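These notes open a run of structures that come right after.
Two complexes come next, and they have one chain in common, chain A, joined by chain B in the first and chain C in the second.
So, the complex of A and B:
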């Protein structure tokens, strides 16, 4: 256990070096949130309900959605994994008495902490400012379930990133692919707009994938559009996906290692 | 002139190696546009006009805008310049009988060709698929003027990227700064949503910045919301900005070079 704690601490200290960069990114996020609020405000001037969402619900969706996005983001672990493979840094990990997958999972917890804290702080400030335009959720059991879903969501996103990163065993230039996946996941997780805006069939389909449970599902719970039972079911689906993703990663890892060229040895 | 042509063709050939990568970036961007199409389609089911935009107009704004955005993009040249400065690659350039800024401009022209072709193909397919939902404007004078505006827009955005890339002379860790500046300039250009969604004062302010002429104004021209004369005036402002940015770059370059540490020499 101690070795993992050490990994987390090292990654955390490394991130402290880049704190100015983190603030730079946050500034961009402020614009992002404000744009979404602007668009929806303009839209609701000419209509009062968009697909069952009134203005306050939509603002809540944006605010809580971003909060959850900040809590589950891993800021491009797929790039770290693919770089490790392509630059041969993986060699170092392979000789350690510690599995690479576990090191990278641990490392990412330390790596995201500063960004997570600053992101959540920023978003709480936004929520404070916009509280009069938002829907409040006070049911403690619902909030507990949301919290569990968000924590699981962090790991679902992390495992997805690692899985995408492992493609680097086979392809040399993956940055385009990674950007493609990032947009794809953001769309299917409801990061651009509520998934219920999609045609009913696509919406139902999206609930079979793990992405919807990252942002869309917990936000719906918060808005009271899903009840406690749905939430618990959601936790189940997420757990199932975590196991499945872990198994897939193991298989891909084993196959990939055979292809691994160990650049730099 | 011949040496610059050589740089352009070299860079084009270099990027042929990354063609799969470039194509996957474009497909990632495709998801963004799909989500926008879905969102606006849903919104317009409850209303027929949003701030003076009808459904076909908004769809046109999104679809044609997508092409304009990527046709004028240089895909992050500020990072390239920062890397040259930080890693000392700039030292090689300074001793060559060729200005670095002009070299970078030539490189960028060779670099964008493949991305431009990919985007043009995707755009053609999109326009064909959605031809009944968007406004087709085939007025040759309008299209010609737009073409000129986009050409100048490419260079305005490039010079802006170079300008903020040169910040690397003074600052080490800049990716966060770039991220925020890019979001800001994209917003000021109207690429997130039509500027008219904002209060009129914002539009008036943004007319004093170069960004709005790289996206919003050419689109207004296409949508016939402004006249050819106004479009011509926009082109004039663009050329003025181009000149101004070039002067600014010369100035910043002059001062930056004094700070330059030539890492690795």
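So, the complex of A and C:
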């Protein structure tokens, strides 16, 4: 346990060194959030309801959606994994008495904690500013389920990122693939806009994948468009996906290791 | 005059050589090249899809019709495509400062700013330009233009797009030059990405007077795609054309000065 705590501490210290990156991301996020609010405000000048969302519900979706996005983000752990494989940095991990997968999961917690704290603080400030245009959720059991879904969502997103990063065992350069998947995950998780805005077929299909449970599902719960039972079912689906993703990662990892050339040895 | 022409030809040749070397670099991993091209297309598809979704339940967005809004998106995509295709949003500047390899570029017998700018370009992003031209054609077909008016407006539109390129290039150069002090480029890219993305929709959506002032006077995002599209649709507006040209010149000079000021603070990692 102590060795994993040490990994968290090291990743945390590393993030404190690169503070400018965190500041840059947060400043960029301010424009991100304001842009979404601005465009939806412009849209609602011409209509009162968009796919079942009134203005206050849409602003709530943006605010809570971003809050959950900050809480589940891992800031490109797939790049870290693929870089470790491509540059041969994996050699160091393989010689340590630690599991690489556990190390990377632990390291990710330390790596994202500062960004998470600053992101959540920023978003809470936005929520405070826009509170008069937001829908409030007061049911504590729903809030508890949302909290559980968000924690599970963090790990679903993390495992998905690790899985994409492992593709580097077979491909020489995966930067293109990683940026493609980042956009893809954000779209299908509801990070750009509610998934219900998608064509009906695509919307129904998206609910079979784990992405929808990262942002869209908990935000729907908050808005009261889904009830407590749906939320509990969602927790079950997320748990199933977590197990499935872990098994897939294990299989891919074992197959990938056989292909690994260990650059630099 | 001859000297200037020779200088321009030299710069053009160097740019071509860099472009060729970047294509070779990318094509070393063809699979990744195609994936990156698909990724660029996918991002553009999302922007177009978003406009389509919005206009499926409204007729106009802050006074812009569907085809007019498409024209703004196409203009933004054109500029974005050229920025990626010619200088990769100056990604090379941040990268070289971070890795301490900028020295190698600075010692070349050519203008440092120019060489640093064209050192990296992303050839797969020319796909954006092609898609933008297709989208532009669709938007134009949906708008009713008389033939004689259209040619003059198109000429002015292209002129304003050149100004847009210089404005966005200058903003990029200033933001990227901050890397001389921070040595980290990731966060700066995030600021740049979100700022430039604001200009992909008509800036008239900024109803608030403060926001409108910021995005026209301080950060002239309105001049990147909204103003060129307005001129193409409504015809010449001398005030806007002069303002765009003035801003492009001022921003370019200011960013060049800032880059050279930043260069003085460059502490190499390798020499």
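Descriptive notes on the structure:
In this section, the second predicted complex is superposed on the first by the 265 of 265 C-alpha atoms of A that agree within 3 Å, B and C clash if a C-alpha of one lies under 4 Å from a C-alpha of the other, contacts with A are read in each partner's own complex, and residues count from 1 in each chain.
By our rule, contacts are C-beta pairs under 8 Å (C-beta built on N, C-alpha and C of every residue); 3 or more make two chains touch, one makes a residue touch a chain.
As the structure is a computational prediction, the values presented were derived from the model and not from experiment.
Under the clash rule set out above, the superposition-derived model of chain A with chain B and chain C contains a clash between the two partners. In the superposition on chain A, A:87 makes contact with neither chain B nor chain C.
Of the two partner chains placed around the shared chain by superposition, chain B and chain C are both touched by A:50.
Touch criterion met: A:192 reaches chain B and chain C at once.
Once the two complexes are overlaid on the shared chain, A:176 sits against chain B and chain C alike. Of the two partner chains, chain B and chain C are each touched by A:28. Look at A:13: by the touch rule set out above, it reaches neither chain B nor chain C. Across the superposed pair, chain B and chain C both touch chain A at residues 18, 20-25, 27-28, 31-32, 35, 38-39, 42-43, 45-47, 50-51, 171, 173-177, 179-180, 183-184, 187, 192-193, 197. By the touch criterion given at the top, residues 29, 31-39, 42-43, 46, 50, 53-54, 57-62, 124, 182, 184, 186-191, 193-195, 197-198, 201, 205-207, 211 of chain C touch chain A in their complex. The touching residues of chain A, when paired with chain B in their complex, are 17-18, 20-28, 31-32, 35, 38-39, 42-43, 45-47, 49-51, 171, 173-177, 179-184, 187, 192-193, 197-198.
Chain A contributes residues 18, 20-25, 27-29, 31-32, 34-35, 38-39, 41-43, 45-47, 50-51, 171-177, 179-180, 183-184, 187, 192-193, 197 to its touches with chain C in the complex. Remark: chain B residues 18, 20-25, 27-29, 31-32, 34-36, 38-39, 42-43, 45-47, 49-51, 173-180, 182-184, 187, 192-193, 197-198 touch chain A in the complex.
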